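Can you read through this structure? Questions will come right after.
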């Protein structure tokens, strides 16, 4: 079966649901799933529609044109994805492999709907992981004072590979605003703490010193405000006083990998709409 | 503001969403929230609609008549609740007070939308709890061989008090099929184990002997099959080998209270549809 | 049965366990439980010993004297509690009742080992809760510019009632350093956020605006650094984008109550040792 | 640094801690960690001692002989492991790779202290996974009526490779009693349900039909009673009515992998003592 996913946001008002569902009904579509959320706080309306394309009697271009007319009329912000257009995801890493492994294993087991044409790193260390899964590994080292140059190199690789989504799987470098703006909404990062606690470096050491009783991890879209982009997923684990910072790091690795993989999956499943600082994550 | 809640279930087919939402739209209603779920496994469609009644220009009877016509046409099973009709809830207990307290405290703090006209017990022990919250307490003791008589007494009390929902807050008696059938879908029970594990008596002792690493509790609708009714809510807590059965009991009390209160809240919020053994719990 | 609880901390070195356990063994004591923790990071040793007093053949004063000699020799910091000396706990509240209720209900059900001779508030609102449980309620209103005076009044009440532990169960006032230093290590506070995230006011609103996917609560000893005292217990709940700040507040109430009650229980069970910013919480 | 781990169990009585710790103290050992647990319910005493071997002035054989004498005197059941004797672990699989991957990745990242000399399967499917990590893969297919023969083949491989621990990472065959008894206490299995609920086959389908609100997984030592061996670790995830059995299977995979890996880690860290149906898992 083939599907289309519509993601829609607009000002809330009467009749949106009736009008939009009528659009699909009168065209003979079967709505397999319709998820909505009305933010009464900010008077906004969000909608995700999963459409069965079996009965599509017009071209996709025509469908999009027709919906585009409706969207203009209703002032909808929208996007569409098709289940037979496989997104292309790049993974960026530095030296730690746990998040990279988790993405590759889930991909291998068909739990992540995407292609992974390349892995990019500022270090050569993880080439062996890429090799295991037969994915090209590009090492773009960061020499002092040559960050702009290195980022251009990376952007060139991303462009040549037609990348739709960049996942920072413990890429320990701060990307320039220029880089981020160029891929806005298309970069997912994992931060190894329960944001907004413990921003910045060495969060597990910070956590230990604070004597917190749980540690966590946060996956979020990267924006120009470091560690402040829309949060996609978080999780925590209970810890005890007996654990030293190295234990926290080890336990944290398991939290990070599952948080990042879940966030990437939500993005690839077209279940995510961003609105300001907040992200709407429709349940699976 | 006044609301109406529609709970709907039917066979899934094309156009349901469009037709039903159109029904409300053409009558000028504002749909505040529309939650749906299509069970592709069993081809069933479930829907919860929260309606703003501010713009109601016809009588409620008329609205119900009109929707009833649509329901007949589409073969919908449905119910309606109004936010100004406060459900009346009876609590049945035996000797342990923790679930009773939790319901009464949450009610006191306006977290449960209902009236509690009475508490019924087969023991006199918890009258002091009822007294604290100024709720009439009826003791209907169970003498050997007089269960039928006692249940008639209880049913009489429930009827006189126009009870909509019965909560078994650790009522340690098995109700007769006759009693249950008479209130089908209107009795919520708490079982002190993670069903279907540890059915029947002394579940914490069973759990200890099995050496499980988590214990739980389950709230479900009571049916004639003991501990087999549709599950509404479950939760667990991690335990260690260091805890003796009495510790499990104490920890279990806290799980039981929150599981039961959440289940009762979901019912009172009109977020629950039962379908066979399964319950659809729309999120808050 | 009667018990004594020793809580011990010192620099770690060889033979501590052997020497201390030998002290009890040679005196014929039965060690019911011995919990230790060696902080290799900071080279510190922590110990909790639960002693069966049945075989006590000397006076308690003599036992303490003897242990005191050992402690001096080994440079131990220590305290002792007896199971027949019931701690006296004061609860301080403002206007919200959920934490207060939870403490009183758990106390009523014998889950908290203490007496509660009084409840103190800066508002009259919760007298009805105190009345339900027949506990004296003192209202010490805070008039502008008279904080010092009010605190003296409160301290007078605490002193007259021989209070060992003060629980701030959503007491919405900042206590003066003078007040805190006077009861150092004897004040437990609940903060309605997952510290160190969202310090200060309106944490649920902050959490909503940040779009976090989990909210939490933190119980900690009050120190002169606001919301920075040693953390005793934390917990979280998963939330979704659908919840408005008022929902977070309601869900948060349930987290707060269980976190505070667990922290108070750990203190009353003599399972807590504070060391700098960190607290050692021995498991139950 | 080199360590030794003692795991001890015996009847509880006075002076055990003093006597045993004295044994090490008088021999000049530094006890890095001493964990105990007294099961007052069944009057049993469990102990784990982590010893610094730096100051070992006698041979290991001598140390063991000396402790053996003490053990005989005190009637201790005990074992010793050394940190420089790396356990050898075999993984047995069928066709699903998620648990296998998780073990191999954690091993690769030095989170599991063992060698993995071989992977055994009754199917050829997962050879590519073994290849990635350069571990020999043996396919021992199970032809009808030749189970005894196949098990002998497997046992031969295990023996030749000096295997200390067998991990059944979704090996979908029931091992014979003979096989199990031969490795008693040395086989860890993952069951894809929250035992004792949903024993046997298709647990996710069973869970869906029961409409449970959480699903789980259980790692346990294999015994001759199928799915009844001592539980080592369990975990759960909350689910909703929206998920179909295939979703439960996918979510379950993530629970299974982390539960199995944690259980294996506890075993390899020498933190596990089995007593009847129950397992004592000392915290990390």
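Chains here go by letter, A, B, C and D, matching the order in which they are written, and residues are numbered from 1 within each.
Rule of thumb we're sticking to: a residue touches a chain if its C-beta (ideal position, glycine included) is under 8 Å from a C-beta of that chain, and two chains touch if they have at least 3 such contacts.
What you see is a predicted model; the values in this text were computed from it and never measured.
Enquirer: Which neighbours do chain A and chain B have in common?
Expert: Shared contacts of chain A and chain B: C, D.
Enquirer: Relative to chain D, which chain has the most distant C-alpha mean position?
Expert: So the farthest one, by centre of C-alpha atoms, is B.
Enquirer: Looking at chain B with chain C, do both copies bring the same residues to the contact (over half shared) or different ones?
Expert: Shared-number fraction above one half, so same.
Enquirer: Which pair, A-C or C-D, has more C-beta contacts?
Expert: A-C is joined by more C-beta pairs in contact.
Enquirer: Which whole number of Å gives the spacing of the CA centres of chain C and chain D?
Expert: Computed from C-alpha means, the inter-chain centre distance equals 38 Å.
Enquirer: Just give me the whole-number Å value for how far the CA centre of chain A lies from that of chain C.
Expert: Each chain reduced to its C-alpha mean, chain A and chain C end up 41 Å apart.
Enquirer: Could you list the positions in chain A whose residues touch two or more of the other chains?
Expert: In chain A, 40, 240, 242, 283 touch at least two other chains.
Enquirer: Which of the residues in chain C end up touching chain D in this complex?
Expert: Those residues of chain C that touch chain D are 14-15, 17-19, 21-22, 24-26, 28-36, 38, 40, 238, 283.
Enquirer: For chain B, which residues are in contact with chain D within the complex?
Expert: Checking each residue of chain B against chain D gives 37, 39-41, 194-198, 208-214, 216, 230-236, 240-242, 244-245, 277-281, 283.
Enquirer: In the complex formed with chain B, which residues of chain C make contact?
Expert: 97-98, 101-102, 105, 108-109, 111, 132-133, 240, 242-243, 247, 250, 253-254, 258, 283-284
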